[in-house]
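Following: one structure in structure tokens, then a few remarks.
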Amino acid sequence: MTQPNHQDEKKPFPWHLVVFLTPALLVYVTFSVYPLLDTLFLSLFDTQRGESTFVGLQNFITLVTDDNWSDAFWNALLNNFKFFAIHMLLQNPIGLLLAVLLSSPKLRLSGTYRTLIFMPTMLSVVIIGFVWQLLLSPIWGISENFLYSIGLGHYFDAWLGKEGSALITLSFISVWQFVGIPMMLIYATLLNIPDDIVDASVVDGANPLQTFWYIKLPLILPTIAMVSILTFVANFNAFELIYAVKGALAGPNFSTDLMGTFFYRTFFGFQLQQGSASMGAAVATLMFLIILVGVMLFLFFVQRRIQRFQF
Amino acid sequence: AGTLNIESWRSDDANIWSDVIIPAFNKSHPGTKVYFSPTPPTQYNSALQAKLQAGTAGDLITCRPFDTSLTLYKEGYLDKLNDLKGLGEFSDVAKSAWVTDDGQDQFCLPMASVIHGFIYNKEIFKELSLSEPKTRDEFFKVLDTIKSESRYTPLAMGTADQWETATMGFQNIGPNYWKGEAGRKALLDGKAKLTDKPYVDTWKELAKWKPYLGNGFEAQKYSDSQNLFTLSRSAIYPAGSWDIQTFNNQADFEFGAFPPPVAKAGDTCYISDHTDIGIGINANSKNKAAARELLNWMTSQEFAELFANAVPGFFPLSNHKIAIKDPVAQEFISWRDDCESTIRNSYQILSRGTPNLENQLWNVSAQVINGTMTPEAAAQETQEGLEQWYAPQQ
Amino acid sequence: MASVKLNNIKKRFGDVDVLHGIDLDIKDGEFVVLIGESGCGKSTLLRLLSGLEDITEGDLYIDGERVNGRSPAKRGIAMVFQSYALYPHMNVFKNMAFGLKIAGKDKAFVNNKVLEAAKKLKIDHLLNRLPRELSGGQRQRVAIGRAIVRDPKVFLFDEPLSNLDASLRVQTRVELGKLHQELKATVVYVTHDQVEAMTLGDKIVVMNKGRVEQVGSPLHLYHHPQTQFVAGFIGSPKMNFLSARITEVGPENTQIMLESGRVISAAIDSSSLEKGAHVQLGLRPEHMSVTCDKNTLEGKITLVEHLGEQSYLYVDIQQEGEFVLKVDGDNQYQAGDNVTFGIKPNSLYLFNHQGHALPRVNSNLETKPLP
Amino acid sequence: MKLLNGLLSSSPRNVSKSVTVHAILLAYTVIALFPIVVVIINAFKTRKAIFKDPLGLPDSSSFTLAGFEEVLLRSNFGLYSWNSLVVTLIAVGLVLLLGAMAAWALTEYKFRGNFVVTFLFAMGIMIPIRLGTVSILSLMVELNLANTLTALVLVYIAQGLPLAVYILSEFVRTIPKELTEAARCDAVSEYKIFFCIILPLLKPAMATVAVFTMIPIWNDLWFPLILAPGEETRTITLGVQQFVGQYVTNWNSVLSALTLAIVPVLILYTIFSRQLIRGLTSGAVK
Amino acid sequence: MASVKLNNIKKRFGDVDVLHGIDLDIKDGEFVVLIGESGCGKSTLLRLLSGLEDITEGDLYIDGERVNGRSPAKRGIAMVFQSYALYPHMNVFKNMAFGLKIAGKDKAFVNNKVLEAAKKLKIDHLLNRLPRELSGGQRQRVAIGRAIVRDPKVFLFDEPLSNLDASLRVQTRVELGKLHQELKATVVYVTHDQVEAMTLGDKIVVMNKGRVEQVGSPLHLYHHPQTQFVAGFIGSPKMNFLSARITEVGPENTQIMLESGRVISAAIDSSSLEKGAHVQLGLRPEHMSVTCDKNTLEGKITLVEHLGEQSYLYVDIQQEGEFVLKVDGDNQYQAGDNVTFGIKPNSLYLFNHQGHALPRVNSNLETKPLP
């Protein structure tokens, strides 16, 4: 036997790692990371006059200090928070409720309900925008007649057109469309809770509400947290619905302006307004930072406290 | 010879191009294949910009008037057209929307203009024994009559899309207040302010429209307005001439048109005859020769007539005398003879800075009609916006 | 504490009959063990008792009251699940206190109760831990503690030890036995493990395909199985079975012939059968001796398992099949050896072709009557 | 009545609870479906009827297939659907494959840079790729891919990968380590381990990712417009847009086209949906 | 088949030393069982052998070749996991054939191999089933089958039976034993269960905290534990330990005094110790008799477990602690009874304060030398 040699049979280079990772990285970096960085990079330049000059953080300073920009920026940000708040208060609780109901034991037709309720999530925003405007339009009277028929007619208003209600109404529509996602995710987690644990609480004397509140809810908190993050990210990137229904000027009086529409207007321009790649990039960078900070804060303050449970 | 792609936001015209215009062109220029590839209008500017930057845009670019195209030209995406033969067929006013500020370079060929006015339902007018109003008083009297004596909505307009309020409201009736080109130039020179009486009065009149609009007009979209009118639920429609084509297809009643009413009978009337569509050549086109040929053909009488009759409501800007068959379109174009023409006052130069005047006009006009802003405040806000960056106004 | 009475209880899931009419009397304070093959309906029966599942037919009385429609909470039962079913997000204290909290008991009372139970189970130092920070045995005790604090009339256990490893299982089993003696609670206990059944049960209920096969004290079942099923189920290693045929019928003594032609006599009353009837001969591995010289069988050892103080011999008997013997640990057997062993006539069991046991005569084995 | 009984759980104790559950779910299902039903019934009506009585069912006077005729005859609807289908399926397929490979590599192997790559992918969830449009387009032009479906596929892969890697990583973690170790003992190469063992086990998870990736791709308007606006490469959503004019919208045709466009997604969804729920419940791997 | 040699094998995870230098010789065809407490490094050792984990230090030889850096695939080993690790999406046949297929064997060969193994394991009727359609025992057999077909030099088993229920475990254990005799393969087998260890192992390796505590044949370990750890680990119920103090040192006989003051004599050579030294007295539950009258202890029974043919008595001995006795099943003991029992001097063990056993004199218990 030879002298033990600790470096014998050195591990071969992990070619498989390269093979597994490269295709995804290649496509992703080339067609997403690089273009995005390339664009975000523009935020440090001024491209207003055709050629670009390096201006450092000037664009950002303009964005938050110059009234012309900052008013729109803060307005969009505030609206975005409202938009997000409504989703958190409505979309996720409704999704939760539906998921809980869907997961009730021995429920017939649950697959059918699930598919049907998920349908709006699959539709293109063109349909969503059109049909809700039709439904809510005071001119065609669908909602109005419906409300009158249940005695609430005088509450009806041109919700989509009023400054006070347009954003809320659009949020509701968005909630309607996307409620399927939290529903599906939470439903799946609920299915994962072992029956035993629920049985145990029943034997312990808890009624269904108590079982939900004390047992199921804490166990699906991690999923709810994940759903919240996804909602946050999606809401702060939201754009299409507003754009389809209200256009890039997000009327009335910018009351439905979100970061997404603000970015679009800035970057691509609108009507007679010329797009500015550099200011647009600055808005986009800020959006990204806000989302990043939000996600970080969330991970730091909330996620850390939420425990995942193995069953 | 070769292939030409036309970038356009006019998806409405796709059939007309493929069925009428391109075949006609091919009769005299058989070798050239022309494709009209429209982009949805809301995405046109941004999509075009991206495509130009990447070099994938079509050979011919349909031009929005003034700065949008001017910027493209300055960035080198559009060819200079100064030496295009047919350019002589156009008046300076017609060309003004697509020349550099110093008037030196022409970068798009004027194609069509649109005229504002009011379209009305003749049957309803007959039913209520109304006649076309000539003055503002008459106009409001007509509105009052419709409102009080019938179930029709007097005015078919909504504020949901905002642009109608600025375009078919403010720019429609405004020229009568600010005396057309004179007022527009004064604004450009800094001799007039938006807080001056003519402008405030324009908004004041707009504010007076509110009671005559339909229920829930705040959420009424442009297409809703069209539908209200074509379904005979509304009597008068503040219009752009392009609507003629739509209504021809959709309305099964007779409709007519009248120009924006003047203050008192006999006053000079002013109309907005806005240079709206031009067409230019992509500087990076591989087929410029053919593109030029097409443009040249587009300066011809043949094209003007084809286009004007295929798309009633879009009026050729060339000096050719052409026969327009559509009666309502004829009515519109006849105003050119009776009234002074002008273009929308926010389009030239004034929407160049931040804040953007055109965007502001949309916003404040909608608010004025909604009743959430006074005419004075609207004037104040737009004027302040202008003063921020436009030297002559400072 | 309470008595439990089951009166012709049936359960149907959709079209499937799972329980075919169970009658059972459980006395106050009794420890009843349910055993039976997988899928025979043990858990289902327990769930009917707890009220987690509705009874299809029949009556269930707890303490003389009919409780069929009553909700689990109001039956005064507590259940310990195989998987423990601890609430993963609550610490040990909260797990144990949950039932009391839900019942609206005041804080001091809850604290006392929980502490008391935790001390009894020696988990009072773990009260702040989460379930996942506990070992299997500790989790098991928390699950029991959660049941105890509620002072239930009846405890239901569904295979509570099956998730523990062998040594912990022995230990916890012992603790459970002591706990029962201390609490004097009525217990219904489901298990697969017959050692548990034998050691814990005052009474064992052997179930087979949704029916009760036999009820009796552990030793009674060990010594007097009524059916071949019960005989095979109780005792480890399992009873050996050989096919045989009766050659001589008798009320005191029966002669039987094995397939190999060998004749064996047994102290069994076979008067109910006729000569020539097919029977199954049952022999417990521990009831054969390698020294005896009457009634012998011989075969070749295929495997020896030394367990220290005892050994199991796996013997291949030509024509009869495989056989297991339990012998003293002090031996020198090896695989491949031939071995001859004797059968004591009074340690034999005979089962008729329906699987029913024939009565045994003068069994010298102790018999405990049903308690 | 029998149906009702069938719907409800057998025990009388649970009937009222069961009724409530069904009532709420039914109510919400109506809310979810009502607008969609409105779209579909209006697709069969004349323009006038749509706006005269939006909720009315088409009758003999208002029934028309004009919208569908317009869609199917005037536009290359078949080609558009084909393009959409090709782009969606290839992109989703590649997102799944590449995403699974990356997720597997990132969770199974320890290597330097693991964290950086993971973070890079996480970033993609937070920034909309639309932001990089101009660079993407220039890139495609340089690669000679402008106006090809390939360009769309590439962008959609880049767009779908971050979420796919994120979700699939979670699932890879639930696959028992012993499986791969057993395979390694069996002398199976890392590639075969991935393709013969991991990939089949990820199937339910992939269904989840497939649905989440498919929807935005199918409905996307932006990139088809920028990258592949040509007649030959037009997708369905972009095709529908030709009925949305500057001043006139041909609602009848839009609705018909959209109704037709729902069908393929619905089919794809139903194909995936059974796996989807299995995928969402991680117990699937056990 | 192959021999395996471990030469001062060490394993470190980051800063944690898990194995502190293991030396072990495994002969060709030997069945070696690793036992030890949870976390002592058994699985880690197995994983080092298989190559799934890198060896930090030391040398591993299979069949004389150093294989430290070799990949699992090339070591000629097969591993059976506790969780079976069957590929859930492949049927039984494919599961078993996978390794061969990957190795590029031709179809007929694979078919033959798999069928042969399946027959041997009596799973040939299950070849088309998916793992989830199998019972625990069947899965277990598939896992073994998957290992067999590859004709490995060494089989590694990591607690392969721990997921089975008690009766199935017994059965599978027996089958494993037979299989080993048939295949004559080298096996390294990790288990927690000492019955498995005793019955299956040619040689048992007792590990303790990353070290080998003792190696020997099962009976040798049972009779001659070198340390208290081994003594306590082997035998069930566990050996009873009592604290004591030496009152008389001797090479043949030792007198010790229990805490209660009672003096007991043991046939043990205590010459290495001094009078007054603290020792632990070890007594196996099965080595005490209730009839003997010398060297007696008495106490109160707290629990009786009847296992049929035997019973365990749990006895509380004042001042000394709790004690377990194994007695004949034929008894009438009840909790609460007092019992007196005797200790045979030659069945005693003594351990010094370091836990090392003192040599026993003339033990009348059979001793198998290391094979």
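Structural remarks
Which chain is which? They are A, B, C, D and E, in the order written, and residues in each are numbered from 1.
Everything below uses one rule, namely that a residue touches a chain if its C-beta (ideal position, glycine included) is under 8 Å from a C-beta of that chain, and two chains touch if they have at least 3 such contacts.
Everything quoted here is computed from the prediction, not taken from an experiment.
Among the remaining chains, those touching chain A and also chain E are C, D. Distance between Cα centroids is largest for the pairing of chain C with B.
Looking at B-D and A-D, the interface holding more C-beta pairs in contact is that of A-D. Once the centre of each chain is set as its mean CA position, chain A and chain B turn out to be 38 Å apart. Chain A and chain C have CA centres that are 57 Å apart.
Inter-chain centre distance (chain B to chain C, centres taken as mean C-alpha positions): 92 Å.
Under the contact definition stated at the top, the residues of chain D that touch 2 or more other chains are 51, 133-134, 189, 221, 241, 244, 251. Annotation for chain A: residues 267 touch two or more other chains. Looking at chain B, residues 227 sit in touch with two or more other chains. Interface residues of chain E, counted against chain C in their complex, comprise 162, 165-167, 170, 173-174, 177-178, 181, 192-195, 198-199, 218-219, 222, 234-238, 284, 286, 302-303, 305-309, 312, 314, 326, 330, 332, 335, 365-366.
On the chain B side of its complex with chain D, the touching residues are 9-12, 14-15, 35, 37-41, 43, 47, 50-51, 53-56, 222-223, 226-227, 231, 240, 242-243, 245-246, 249-250. Partner chain D is touched in their complex by these residues of chain A: 14, 16-17, 19-21, 23-25, 27-36, 38-40, 94, 97-98, 101-102, 104, 106-109, 111, 113-128, 130-132, 134-135, 140, 142, 176, 179, 184-185, 187-189, 191-192, 208, 233, 237, 239, 260, 263, 267, 277, 281, 284, 287-288, 291-292, 295.
Within the complex formed with chain A, the residues of chain B that make contact are 42, 45-46, 49, 66-68, 71, 74-75, 158-163, 214-221, 224, 227-228, 346-347, 351-352, 354-359, 362-363, 366-367, 370, 372, 388. For chain A in complex with chain C, the touching residues are 194, 196-197, 199-207, 210, 214-215, 218-219, 307, 309-311.
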